[in-house]
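Please read through the structure below; I'll follow up with questions.
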């Protein structure tokens, strides 16, 4: 490249120093660093507001880490598809990485981010993403028919809540990331793309 | 009316009985009932999922109850304007009531819900709502110019975060309420419309 | 509130003095004042142009006051729903009041203004509003199927014309009110909200 | 062509016979026939509803026939541009013909119907059409700046009202024509395209 | 008109002189002039870039001149309908003329340009244009159902490719014409409108 | 994954066998295979139509391979940004790979595909992409101001043509790829992501 471009910072807002953070935030950040090998920038960007940090990640974990009729990979598909529709670079790149890891499929995230209708997914997953996109883009028109269509694919009422809740939570997350101009860590881009035989 | 219309239920999902709820949810619901005289349906609808309930209200309180450069009435304006844009009946009706109470202005909520450009608000508040609507409807195009325009009206960087965070949180809340078909309590419709001299 | 906000005027354009108006306009204005107890601002704003005033209210009355297969309350629902979609504060507030009065339902107007899909109405009324919204927002795609769907709910061809004509007339009215920045009278906000036992 | 296509009727609704019409409608229809050499279908389609017929044409004449700071050709430009944006075949074809006749320019109507930004018009006319399009498509965002921009081109406040009122009236007219599937008379297509030397 | 309007030039970019053009471009231009009696401006505007000129017209001819299950008139309908949707004045006016000539129908082009749903065409042609519009405006949502709907009207897979390819090619052409502000030749406006008895 | 998902085929249409292709197509395909190590599916999908194949790639090469004031990486940025906006999976994945290779930047393609406003690019490149997006999404509103803004960043008139022509060509390409459901080769996903030291 020309050398003139600036590498964007983590966030439009200054990021607090670790030593200035409350203990529970430091613990959480330390834990993710140990697990992932790096600290995803979303933790640093939100750390400026400890109360919002706690609620944000509590909500995230309640949806993304619990037992569910949706696999963890399916939940990440919802994140990637709706974040693409919202133009959220951080979420597409970061959750695209997680989707590759969780699905053990190096192609799926890029497919879903641009156009889930042409992704290598099952008809059931396509119905799931159609509904997630309606929640993301046109929730005012949700109607009984939407529930019927999902039940035909075997989704339970709790599964349907999960789809809607994940799309809704990332409606929040995408807007905050766009607002902050949150930068995806460089590490995310390659994650899950190259098979790592020793871990399989 | 014709008598044929059905009065919609609180939520598309069954609402748990109070005695089946974890103690902290019961306490919270009891507290709001004592303060308001009734239990807003959002508490019942979310109670089906205690983890999400806790995170949702923790996030809500972190934004709406804390000290801020925005008055509580201004924060409710953001909720009402963006919820109107998202077609969220519950949030417009419920937070419209809170806006009337907090602004001591019985007209403002209905004005802001339909078209904030023609509401009885200050130019500073109009700039605040313009940015909130951009977060709600077109966050991918947020840019430095938006920050400059807000700073000219005296908003601090933390105030701007508050605007964006409230619009983002209700992006979540509006979608969940539309998904659940959440019904506003009848009590909200009249709240703050009739002057109550003894409280002034 | 802060005391800095300005209370908007009736219209962006100067409003003529009653004594400068042609006799027929004065008569009409006097009549509405006697019936309602106040003069809705739309009469004053349009009075600047007597020819347009006469045609506007003649059209209005031809649709809203005549015998029809639609009740008067149903016609007001069409006004409120489409005016909400067009961001017309005057029409939502003023016709919301009329809808409350005519339906004897204090909740319906606020429900319909934000999202008619979640209002306490019959399936027939929901079909009526679906078509009215198509006329308001996407009339180029009206097709035979739309007529079939309405006939299934028992609407006659003349009823369907009424739905379309009302949505079309308020397409005009909403645009003029938005253009003029027309202010709803304060009286409208409370009308029909509090049961008036002596009148029932 | 293949011979399989059907030539659409004048309107989706049956058109009344002349002898069944009230006298004033018959007079009006007779007058236009004498002046134009044919009866534009809008007169027949609306004749099914005499009250609406009278109000519609009274409104039309109040805007399109009176003295104004806008020439009659300019007023027809507003009709053609906004009707194109609304997908109204009747109004584009019929008023395109009138625009050709009134502007004595055989090219202008087709240019304005598709994209007024590339029509052979003055910068003042371009500003006029920009505002007319905002009224037609996005009236909720009309603001003081719009008035300033028009005044810079020499438009008076009454001229600006005329622009907005014409765009608003045809918002109604376009929707009714789309609803009725109103067919433009064959005569309109050629009108004003071929110079008629004897009339110049 | 007022005499103040400027007649727009052929293109925003300078048009090369014929003698400066490569021989094959000159030959092509000469051929079209002999056939049509004038040089459509698209040939002059593109001549600035000989490589792109050659590819553009090769692509055009591959779609519009070959044998196909679609008649030449039907192919021009696709051009006119999608160009209208894209606001491309040059293509609507120029290909509207060709459509009139090829269909021997002086009304069809103006009908299709504004709203094909109300044009004098067959149900099969309406299905063809519905798909062409989806390609033009919303190709990301093309799905198997679209193919099924077309096959029911007797379109072969190669016919469907032709519909999509023509709509896609004019997606390019419309954008270049809008970019260049390409002016339709005056000759196009009248072409095919007046019956020429000697040719019939 | 579940094992139920189907891996989509190269195209919705059958792909011809190499031995059935005209010699020039076979030569072109052989050449790209030797250069890249695999045959991008776009060559196979288009091969069904040799005339369109030739015109398509002639157009492509005329824009993407020639000398230009835009670097080859910048031209690929235009492709990736506009293809993302059009939901074209093939073009985002395939040209994303080429952009990584040509920019020697493994992060840029994913950034630009989702939201170019937050990519690591120069202000000049941001202005270039803003205009490319206007051509892709809203070409009817291109105006003189757009040219002025680009010239301020040092773009020549020929550079501006290049930007517009590339965005226009991929308007065609994206629609055809969406129509065909064209599958990106697996090879593209990893290309340019891992530094290859021997080539630097």
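Brief remarks on what is shown
Read from first to last, the chains carry the letters A, B, C, D, E and F; within each, the first residue is number 1.
One rule holds for everything that comes next: contacts are C-beta pairs under 8 Å (C-beta built on N, C-alpha and C of every residue); 3 or more make two chains touch, one makes a residue touch a chain.
Since the structure is predicted, the reported quantities are computational estimates derived from the model, not experimental observations.
Under the contact definition, chain B and chain C share the contacting chains A, D.
If you match contact pairs by residue number, over half of those in A-B turn up again in just one of D-E, B-C or E-F, and that pair is E-F.
Between the CA-based centres of chain C and chain E the separation comes to 44 Å, rounded to the whole angstrom. Mean C-alpha positions place chain A and chain D at a centre distance of 51 Å. Across the assembly, chain F contributes 87-88, 115, 140, 178, 181 as residues in contact with two or more other chains. Under the contact rule defined at the top, the touching pairs of chains are A-B, A-C, A-E, A-F, B-C, B-D, B-F, C-D, C-E, D-E, D-F, E-F.
Across the complex, chain D meets chain E through its residues 1-2, 4-8, 71, 73, 83-84, 87-89, 92-93, 96, 103-108, 110-111, 113-115, 118-122, 124-125, 178, 181, 183, 186, 189-190, 193-194. Looking at the complex, you find that chain A touches chain B at residues 12-13, 48-49, 51-52, 54-56, 58-59, 62-63, 66, 86-88, 135-136, 139-140, 142, 147, 157, 161, 164-165, 167-169, 171-176, 178-179, 181.
Listing the residues of chain C that touch chain A in their complex gives 115, 117.
The residues of chain A lying in touch with chain C in their complex are 140-141, 143.
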